[in-house]
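Next, two complexes with subunit A in common: one pairs it with subunit B, the other with subunit C.
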Partner chain A sequence: MTQTTDTKSTTGRETEFVQLLNDNKARIMRLCKAYTASREDREDLFQEIAVQLWKALPTYRGEAQISTWLYRIALNVALRFSYDTKRRKPTSERISWIEETTSHPEDDHTRERIEQLQRCIAALPEVDRSVMVLYLEECSYKEISEITGLTETNVGVKISRIKDKLLGCMRKDEGGAV
Partner chain B sequence: MNKQHQFLPTDDFAEISRLWQNSTTNDSLTLNNEAIIAHIATIAPLEHNAAPTVSKRSSLFSPLSERTSFMQTLMAILQNRERFIQSILAKEHLRLMAAALLAISCVSFFVYGFVLGLQHSLLQALSSAVKLPLLFLLTIIITFPTLFIFGSLIGIGRTFMQTVVILLGGTAIISLALVALSPVTLLFGMTTSSYAFFKLLNVGIFVVAWFLGAAFFRAIYAPPVSAGAVLRVHHGDDDETSLQASSVALSEEQADNHTKVQAYFIRFWFLLYGFVAVQISWMLRPFVCSSSLEFQLLRGLRDNVYGDILYSIAHILGLR
Partner chain C sequence: MQNSDAPGSKEIQDLQQLWQESTTNESFTIKERAMMTHINKEISNFNLLFGTGQWGQIILDSSLFCIFTLELLEAIWHNKPDKIAFRLAFMLTALSFLVFHGTVKFKMRTFNHNTSREYLQMQLMRVKQEINFREKTTPLLSPVIFGLLILGFWNDLPLWSIILLVILFISLQIANFSKKLISKELYPLRDKLQSALQQLNEH
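Presenting the complex of A and B:
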């Protein structure tokens, strides 16, 4: 009887976790795109983040916002993933966890601009990229500070500078206004 | 989650934010729920994950963990300056870092002092090895009040412990630079017979090390972040975009002036640090000794250090 209850409870947690993943899949995927160059790497990173979130689930005690906890882990995994890119062996047998609809509802111009933005973000130094990704994900300075370990003051200064850098990159790529 | 930024984006940046949010949406993604459940079911049950991959306190760029040690601090200072700086700014593990930096400095100065004294004798080597760490400790003790009090008065805004750690960090850089140059000192100490040349060589080495320490110190003690403090004032402000923009611009100008004052102060203070160090080194001399003289622990206070350097230069040039 106890065993049945435990099994149910475990299955329930797995279902809840998948729900959490579904609710945040776009956030995680946007972050994956900032740290990977190919579709395969993106999927691998998404999978790795999902696994680490699952493993770290007991460490979430509701003291921080779930998004803060999620970004902290996801960014940590993404940074490690980008360090290990050269050493990583290609995944031979992998069942895809995520499928992205390639056709955006926007026009071609918007699609090009999105790709341009992703290129500019990918070109940022590591710390700047992390800060900017979190900023674009609408995290507050306090959250960014908690996730990255930078002080709020430093986050403010960095964001101000990175925004200029990013706008410059977008203008340079396009040869005009953003 | 859907919060306003403290510093509202310009129109251009609002466009960037919109592009970012539209780059991937939940609607454009489909998860293979069955595959995910099947996979995570094979991973150890949650209750038994004794060592979570990411601890609650971990932060991406705050480098030094609760286990901050001599080696971690050493590696952070040598290879990962950003991590080291972030630890100081985050005020984390400052006491441990101070202890580690003090240990690094003492050991490094001991090593260089020993190499320095070997030019004369083993006794001189031991004497210099003890006196060199003492020289820098005394310099720190004498110059610290000026740094902390004046720094606070001009609004650098470092806490007592932050100031201690940054000062010890600069000192550790000086000591490590000396260790890096110790093979050169050893070579010339063993092969040259000119006491004056060896003394001047060491003046040059100490000046190089001093510059490296000063650069490190300056980069951390008062980096140009004052404008950020202004940005932080606007934390949570959702409206009045134009007011925010103008006040930020004004504050950046004020911050520039403020930064200039701080930069002058740091230059002045590091000159003072060097000046005091030179005077104490004169009190504690000899660190190097002419081979024609007997070993002496201290020579006492006479003459003047700058006169002595000029005398050495004149001696090498054959003017005396």
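Presenting the complex of A and C:
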């Protein structure tokens, strides 16, 4: 009887998780791109975030928005991953479970600008990067504050400063490219 | 909400749009073969360390069970009460391992090994059973065994007392080691298998 209940709840959790991952796959992948340099690392990070989301799903009580909860977990994993990547020795064995099929935008200029934006974001310090990624994901200041633990005022100040830095970097890159 | 009147907001909105577009044309598919290769490496390691539900383990436990049953019968036949407790303890240990591995083996037969999903589900079941056994059964079994050992050897020669202490010491070390095994080997493997299954379900 208990086993039947367990099986049912596990199946329910699986469905919920698959739905969550499907709905937020692109968001998670964008975040992974901001914190990794190689495709292998990106796949590893995506995998790690998926594992942590699966583990944390039973603790989600609906107090925060699902996106806030997801970003909080994903960002924590990404920051820890980024820290570990800097410290760990290179290994030959990699988990490579997700195949990323990219068909670049038709427009070369758009592709170049996306790459440029990713470069500029990668150049930001980690906390600034977290804030900026969330801002680009169109999270409100309140959500960013809830996810990062910074005050809303602090988020506002930071975003204003990082925006300038990011736009400066984009202009500089554009200038360099020309 | 975000302030769209701030200077440079048009540029920022463009960047937001660009950022969203960065994954628009990407799709993800599971590299099933790569995943299975990786999982199989981990499973080989798991088999080497634990051998949960494998024939080798069942044969070993059956042999031990037979040996200790014969030893126990011999002690009962020759009426050696001091030996009975010791042999009974070891017979029960062998039996518990035999029942555990036998049950897992029986459950493994219900899975279809030819599909990735069922194969992963089977491996996940083995890992979960091993975790349960180490977390729940072993801590209950160890004190009983030690109690019986002490009772069985209470009146023996001092040499046996020394051996008993050595056994106790080694057992504690093994218990300590197995805790690390759970956190370092079993939990990560369980999570990987669950995650792999999720990804298979998703696609």
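The rule is short, and it goes like this: the second predicted complex is superposed on the first by the 156 of 178 C-alpha atoms of A that agree within 3 Å, B and C clash if a C-alpha of one lies under 4 Å from a C-alpha of the other, contacts with A are read in each partner's own complex, and residues count from 1 in each chain.
FYI, contacts are C-beta pairs under 8 Å (C-beta built on N, C-alpha and C of every residue); 3 or more make two chains touch, one makes a residue touch a chain.
Only a predicted model underlies this, so the values are computations on that prediction, with no experimental measurement involved.
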**Complete:** So, after the overlay on subunit A, do subunit B and subunit C clash or fit? They clash
**Asked** Given the touch rule stated above, what does A:Ser67 touch, subunit B (first), subunit C (second), both, or neither?
**Response** first
**Message:** If we overlay the two complexes on their shared chain A, which of subunit B and subunit C does A:Val157 touch? Say first, second, both or neither.
**Reply:** first
**Request:** Identify which of subunit B and subunit C touches the larger number of residues of subunit A.
**Result:** B
**Prompt:** Touch check for A:Trp54: first (subunit B), second (subunit C), both, or neither?
**Reply:** both
**Message:** Taking the superposition on A as described, I'd like to know which of subunit B and subunit C A:Gln118 touches: first, second, both or neither.
**Reply:** both
**Asked** Which of the two partners, first being subunit B and second being subunit C, lies in contact with A:Arg129: first, second, both, or neither?
**Response** neither
**Prompt:** If you stack the two complexes on chain A, which partner ends up touching A:Lys25: first (subunit B), second (subunit C), both, or neither?
**Reply:** both
**Item:** subunit A positions touched by subunit B in one structure and by subunit C in the second
**Value:** 14, 17-18, 21-22, 25-26, 29-30, 33, 50-51, 54-55, 95-101, 104, 110, 113-114, 117-118, 135-136, 138, 140-141, 160, 163, 166-167, 170
**Message:** Looking at the complex, which residues from subunit A come into contact with subunit C?
**Reply:** 14, 17-18, 21-22, 25-26, 29-30, 33, 47, 50-51, 54-55, 93, 95-105, 110, 113-114, 117-118, 135-138, 140-141, 160, 163-164, 166-167, 170
**Prompt:** Tell me, which parts of subunit C touch subunit A in their complex?
**Reply:** 1-2, 6, 8, 11-12, 15-16, 18-31, 34-35, 38, 41, 191-192, 194-196, 198-199, 201-202
**Prompt:** Which residues, counting only subunit A, touch subunit B once they are in their complex?
**Reply:** 10, 13-15, 17-18, 21-23, 25-26, 29-30, 33, 50-52, 54-59, 61, 63-65, 67, 72-73, 75-77, 79, 95-101, 104, 106, 110, 113-114, 117-118, 127, 130, 135-136, 138-142, 146-157, 159-160, 163, 166-167, 170, 177-178
**Message:** Under the definition above, what is the set of subunit B residues touching subunit A in their complex?
**Reply:** 1-3, 5-7, 9-10, 12-13, 15-17, 19-33, 35-37, 39-41, 43-47, 49, 52-56, 58-62, 82, 86, 89-90, 225, 227-229, 231-232, 235
